[in-house]
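Chain naming follows the written order as A, B, C and D, and within any one chain the residues start at number 1.
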């Protein structure tokens, strides 16, 4: 069996000590399989060419049949945001501990790559959300996010005030440190620290998770992924606020600003090893199944 | 405009002081509209006939075009469990405080009934889950639930041990007071007290909420409503356990027993007033939007 | 019976609409009782003298036998921070809803004042904590707090990393949005939103409450009030952080900075009405004892 | 340097496979040091004498200068309940994983025992609480607890209703699965699973932790250890309830019953290794300081 994978892009964690060796063995392996290799210009900084072509992120996204990300979940998140919307699938190799997305260990990398080239892998779809900031009726900013769009206080140790709406229906007025709107992919990231539930990746849902709400009964709500979510910073909000996409891009908000969030049209395709097991990763990441519990 | 509602069944909260008067004005109103009235035999205990036919729950379910429940959410839950699977829609009138299901106040009852008879209402589908207990490969018990199937310790102040599976995949080994598998309808009941999220009623999802888990990272998980969920009482579980459907029916479990839960084929049809607003009820029930929050 | 109360200072919430009338009736009442009245210069802005002396906060603190605060818990907190260390007792009149500290309603104000002048009141001691920032071995800043000293991320939507120590013993390495060190007085403020427990005001204890910790088992710890607490921003912390006292004063931190917190030598004396009931206020503020609970 | 330790009692985990060997090396070591050895009759079942005297728990408590417990925290809890009030100190050797109380590993056992015999150890005081059940004005039952006194529902999957009082002051009406009143020692046991805080062992405090409260703002409260706590099962409570001491002894309750809890006069003396570090054990038990946290 064989696949149409002829060109593979590689994005690595910039400056990671273990990257060079891992990248070297991967490019050597791919070269032996006559795969054209595109190396992300930023990741390539200081690395020897090794028969690879150095290219920018856009070219890498559009010309690759698969993009391999070497690093942690942070590197993968960055790669997914730039490559994912092109439709090119991604596969993640972790440089350290197993990640939710970077679920191939370095030890298994070459074996897994061999299987992938033979068409043996687990394919999975995730979705992005689009988050737009509306000010005075005009769209100020539009970004997509794989994990979450977050509204939080900025600078200060004081809460902000905002209203939430789902499909145009008023949900609640909140006074809190902020609110996370998380995809299933993002449900195990910041939203989890804020007390949100784990959403199984296949679930078509979004979680609204208030951060340190003043009202103790202000609890996480899970809504259909097709919902139109709006967060509106109250006119009498007294403290500076900001919106942040995937923890990577932020803009300052003004009172009266709305953040409108909905499922993006384009999704993210992930390739996992054949024996991919979401719950096994969850157990590992959350330390379940070990004798973790306290006693007397 | 007119509807096909010719026969209305009524189920009331047994022994509630305010029931007689409310029932009287409802039956008088329906009589004036030439509606045939079937009165639940149990609810009718001690009430005067008033042109109604006393019948059992099964006849009431199959012969009514609509069943009106007068009481609290507990009464409604009981009625929904017995009437719902027949397909007959239900509408809830609360005798006291607004409920999630009994969302028509006594003051609004006759006006809402008038609108309903004219076909002006909000129709909504909820779903049941089936929970079966399997012992030694045989199905010991099968019950449906609108809110939740719960596995808990019995008698003792000590935790039980069990494994969870979703679609055959092992999720985790748990030591806890128990686990709630809740529908969106049940997400605001016991599951919420256990730290689970609110699931919007339209969401096709189930929440698995551990109760007082020994492992502090053992958090609620939300999965697709189409999932097959299995809870298996560990062979070396050291304390008595039980399974409970909707808090109304329980059976004792033995080590090695499995509880298998999946979305039931038949659903529940609810009629709400035209201006039905789920989030308004949620705000009211959870005391959101009041100045509930503590200060210094 | 009579007390030594000859001079009363008054601090009001700046710009509150209801302040003028309340202040007027209070000063008239105190004038009739031949009490010398010192009015906080800031609060007095735009108010008519009415036989009062306008003075600054320091003079008000040292010359008054009692300071009456008219406003909310925020106003009281500000007043307590400036007046409390002088030893002068404070009494709080709320302009709106009952507060934890401002526990005299406007309706009860004159009656309570009459009782206080006759020596009939409930006297209570609270304590401050001192929080010092140490950089490169030197004390950069020292402030006291009645509620809490908080270390949090600044600007960004990303967590900070820090170590905690109690009496020189390493407690844990944290990655979180921050940490609250709260007095019993502050346990019902920000710490409560972060998941901390309520500490009864008489308890000689401090709560360490992590905010949105990455590690789900990173739970609140309660230690003796006599403990020396240290929070040290990790050298490899990647995001900007700040320390904040009572939500009112902040300074930016650098990696390696330590915040050292211990019980202050000087305390705060509160006067409450004779029938003061802490738990009654707690029930009111947290909406206990109402039928707040959700149902089905 | 030498101590007055002439007689050592030993309590082991009944039936634990590793017990025989551990017990053998301990008794041999103690024999070499001319220590008289009293062996708990129940633990001794099936074990060879080895120069030890078999005795009951009472004799062991009163005649020993030190009692060594070999097992887990459960075994230690049982031993502490029976031996502790006599004033005889206890030292815990764990057969498996490190425990909060059984903090000597088997590998370190002989070295630690040698140090203890030379007077080199860390001595610590913990306290018990007394919990009495009052029915119709009469004391029905009185037991002490090292960890907690718990009131919970019995049999059913439905909540119970009760009132709490501290020093005679009404705290709140609760509808919940139950309530835990925990000592600092017990704060890391069941109370922690219920959402309670960790109380440092030296803190003179008790935590009241509601279990699955219906009211979401019904939060843990920490009060002075000298407080008189009362839990009164409501007259209109609708479901069976029970009181349990340390998870080991339970009695059924009737509506109107009161459980009165206060600090016991007698405490528990623990001996720890010289390098005892409470927070190190806490980190180990709660998996802090490992990279436990989830990512994307």
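Heads up, the rule we're going with is that contacts are C-beta pairs under 8 Å (C-beta built on N, C-alpha and C of every residue); 3 or more make two chains touch, one makes a residue touch a chain.
Computed from a predicted model, the values in this text were never measured in an experiment.
Any chain touching chain A that also touches chain C appears here: B, D.
Counting only chains that touch, the fewest steps needed to get from chain B to chain C is 1.
Here A-D and B-D were compared by C-beta pairs in contact; the pair with more is A-D. Work out the mean CA point of chain C and of chain D, and you get 36 Å between them.
If you average the CA atoms of chain A and of chain D, the two centres end up 45 Å from each other. Distance from the chain B centre to the chain D centre is 40 Å, each centre being the mean of its Cα atoms. Within chain D, the positions touching two or more other chains are listed as 192-193, 214, 216-217, 219, 282, 286-287, 292-294. Residue ranges of chain D in contact with chain C, taken from their complex: 166, 169-173, 175, 192, 196-200, 202-205, 207, 214-224, 227, 277-279, 282-283, 286-289, 292-294.
Here chain A touches chain D in the complex through residues 72-74, 76-77, 97, 99-101, 146-147, 185-186, 188-189, 192-193, 216-217, 219, 282, 285-287, 290-296, going by the rule given at the top. On the chain B side of its complex with chain D, the touching residues are 150, 152, 154-159, 176-177, 190, 192-195, 211-214, 216-217, 242, 244, 247, 250, 286, 292.
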